[in-house]
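Remarks on the structure that follows.
Every chain is named by a letter (A, B, C, D, E and F) in the order it is written, and numbering of its residues begins at 1.
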């Protein structure tokens, strides 16, 4: 999306302090590096407790405030099922925050989310906080389904970006570099490369491209020109 | 699609001779009139027996020959379930004919499908028959699902075309004009108008447009720009 | 149901104070008017915060107390998925409240739900509060699915009631009457009429009636006489 | 259904000549006995080859002719999936025959299905054959799903009829009575009793009755009175 | 599982104090008796409020502490849908507790779950509490689906254990022995026997054994030898 | 399976004469080479017309005769949906042939399937034809789902066999070796390697092994020891 000239942003809900490997400080440094590689316009982390993300009113208000600050047209959430409770809870939390962010009568000016910003495209930073007063609801909500065994609604061709995507993952050195801590639990880096490639290729094969990333969309599609639909049927 | 400048064609498998109302001759006249209203480039009818459409090898070869003649990029079939056996059988028959049409070693030059052509855009007519010798497989196969209670993969906005679409239906005077034959079995024309409109509006509502037509697609989608996806999520 | 002589009741969980259009006072007036049009025997509103309905124990006890007061045989909840978080949360909240209401050992006499009652059929009002002490569980729980794109288990023919149903919607003047506030966000009234009609007709078409309302039921059905099943198959 | 005063009929497509146990003659005698126990008004067997039931045009016409003879309001077919190819093929064959039987222009007077009738309620026999000339389409088509692991749409309470239903099964002595032929392949009679009872009880439990029989219906339901819906939800 | 020589344990989340029949003391006595019959190695009850089980952080920590104490390889949870809110909530609560129990950085040594232990295999009791300090995550999580109308992933043959399983149920005399309290609401004991047997036989029939117990597993299976797969296909 | 010491066999229904690349003679040579690499005990090809496989009675009898000859315990069929009509038709044809093969009264001794055998383990060849007189039904029918986008019931770890599996594919030189015929339509060999590996790894990831092959099974599973179930849940 950055390559197409769009503003992009990443919001981490927690700071990863409960991970078996690495500290919150390690994660902050790594997140900034990953953001740089992915060319995101903004990246920040809230302070929700890692391993204990809950869909409570205070948490929804914090996320709603960030949504008003960033005013995205498209919000990508984790798929609503998964292995990690924080991930599937984040999905519902994010949806409900997006709903609240659009309520004209919801005053969020007193919500001061504790944000640690690690990447920021300067010209946009100025108006961020004043935006909290103005309602905003994303037009589209999509669900990233790579880590769940579900048929995607569509995939996005990431062939030209596969290497930088992999490097952004490898930026999390505390998680993915070979080390003794957690050996046995964590796969070796060469294995991670092979797995990442296999997943991207698998979803690419569904659509006739080399590497792709899968998404789930709840709404039906809307198309203009039937002759422009990609992906061969037969 | 005609409005976008694409060649379009309709293939009727039978000539409607078993219908409670109207004769095959009535149907032929009405089909030509409907084709004119829909601005289709070509319309023809095979001679498969109405009410007894079967997915047999001879029938597949006939349809494959027409596919080679017309060389469509997109093939729209009836949804594969339905109330009328001819409709769901046509769906499988059409799919398998499309497969066969693409086999380089399948010689169809001796297949002379008995076609009654009722609409024809002159410049294209010349090469039609010689095309039977050259393999062709549609790139995309879609399923029209308006008459089956299934969630569509996508809809197409037909708001500007709703009236002409309805007129093309009304062109089948033997079927839809108020008359004594089959009264009780067949709804009145005013009722048909109301139903047609309700269905189109219902599918329109799913996508935020006034009138829409639903389709099912078996493949996953492939998208470039997430910010360009239509249909509001929330 | 009122037309069949049954007692009917509506419980609003909140007072609509977060709506873009209208105040809680507007809504109260409109709810009373809608209740009158629908001939409901009782209508009241709890004080749960609009936009922040949560399935918490105190909320479950409040709703359970109202269930004991009203003692319904059938409880209609919103479908358990939807666009508005309050709606799908109300579905689970209502189900669990119905469960609790039936527990003999659950003492709800100290639960004094803050109810604003806007419609009341006199003879029944007397015993309402004393009923809180006596357990009651609805026999049947159904899910109203009109606003979610899901196949209903069954529909109810509302042809004779379609106009009054529409008028009960229009009673919410703050929401549906043409006005400048929220113009752009809200459809015009003529459009609402067309949409309401299209939805009711669509579900009617599934069952061979003019207008119908869709419901989802979790249990299997139980039938006596196979010859009495309505809705033509073929 | 017989108990409710309805005419009932059973059409066997073949004469069971390929069964491991018993001959076609054994089966004919047993079918008549089972029909007597079930109090069916009419029972006959076509001569389709056992183990080779096919959905061909001649077979569809034979079944359509019988449908016109018997003119049922409700047609019960086997569920469309199953272990035995004859059973699932009969499901599609029966559906398509029902469609054809309703075509006004389909002349079936020359179709003389080879029927072996083993049960017949006299007063109705007279007009049977002349009825072949008059179109008839069943109003309702249901699918008997007892032998397939699928959730039924509804069940029918057969508690008062469970014993006679079991006796009608036991009438097939060649199949179910303990014997040396096929021992090992076929369960003992006591085991059959236990299984039949367990299945009927299982489906009964879904609906709060003792014994029930499961059916699948493709259409949505249509209900009048929500307070009259049976089967407790909670 | 006990018969195969495995350690087994049961954790009750509440003490059943809200049941229509019986007191918490009755239930404790009955649980101990049932545990004895099932030969479980350990059984204990937490003090979560009966009828109000919630998936909150304190509850997750309590259950996580017990998981660390008992260190199971396999965790069996209730299926995630059901009639009783405590049951489906326990399913999610148990899953998330299992996740937390495996977090190396989660210190649970101050979590002192209020456990009432009613069955204990002596040699294992010693190390139980010190185990709370060491992370543990079950390898496998399975869902017991007997009380929900869902197709199981697999069943377990319980034919040799059916009687003791039934006796362990009957150990809950306050619930299942015929009595006046709750008569009308509760089935008679003979009926319970018949139902329990029908359910077990029904699931047995799916797999070709006499009595079986159904489970749902979310992961795909992994098999070595295709010739060793049980359950006949045809 | 060969590695576990089991007899294995492959039956090709046609001889590939319609393929864009290669002749039937090429294919026969390649099939024999692939069979050698896979160490199959027997491989033969029937003479059904390539591109026109149909589920007709003569075809079912031919396949049933081969099933009686080879007497497999496990029959692996293509998944019942797919892109190539021959593949999904073979699935149903194979199932129904397996059913027929078990009918004691079905005499197949006059069925002389035109088999071209390209691999044969000598000691077994002797009794093959006389076996046609004796009924046989496979115990288990499984569906190979690698080429269809469906969630498998289980996967088989093929890590030690991945290379020979790939070599057996490459034995089809006419199909997979780089060449001018069909260039553009057919992927290059390096691409095939990458795709084959990605698919096997993807299914491996579902089960925690490196390379796996997916299968669908219609029946529920049957398990003895819950602690022996592989594939980590969390």
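The working rule: contacts are C-beta pairs under 8 Å (C-beta built on N, C-alpha and C of every residue); 3 or more make two chains touch, one makes a residue touch a chain.
Just so we're clear, the structure is a prediction, and the values are computed from it rather than from any experiment.
Common neighbours of subunit C and subunit D, listed by label, are B, E.
Counted as hops between touching chains, the shortest connection from subunit D to subunit F is 1. Between the two copies, subunit C and subunit F, the Cα superposition rotates by 180°, quoted to the nearest 5.
Over half of the residue numbers at the interface between copies subunit A and subunit F are found on both sides, making the touching surfaces mostly the same. Matched by residue number, over half of the contacts between the chains of C-D recur in the interface of E-F, chosen from E-F, A-E or D-F.
With centres set at the average Cα position, the gap from subunit A to subunit B is 42 Å.
In this assembly, the C-alpha centroid of subunit B lies 37 Å from the C-alpha centroid of subunit D.
In subunit B, the residues touching two or more other chains are 95, 99, 149, 151, 206, 220, 234.
Across the assembly, chains come into contact as A-B, A-C, A-E, A-F, B-C, B-D, B-F, C-D, C-E, D-E, D-F, E-F.
Residues 83, 149, 151, 194-195, 197-199, 201-202, 205-206, 234 of subunit E touch subunit D in their complex.
Across the interface of their complex, subunit F is touched by residues 1, 4, 6, 73-74, 76, 95, 98-99, 102, 137-142, 151-157, 206-209, 212, 214-215, 217-227, 229-234 of subunit E. For subunit E in complex with subunit A, the touching residues are 57, 95-96, 99-100, 103-106, 220.
The touching residues of subunit D, when paired with subunit F in their complex, are 17-20, 51-52, 54, 84-85, 149.
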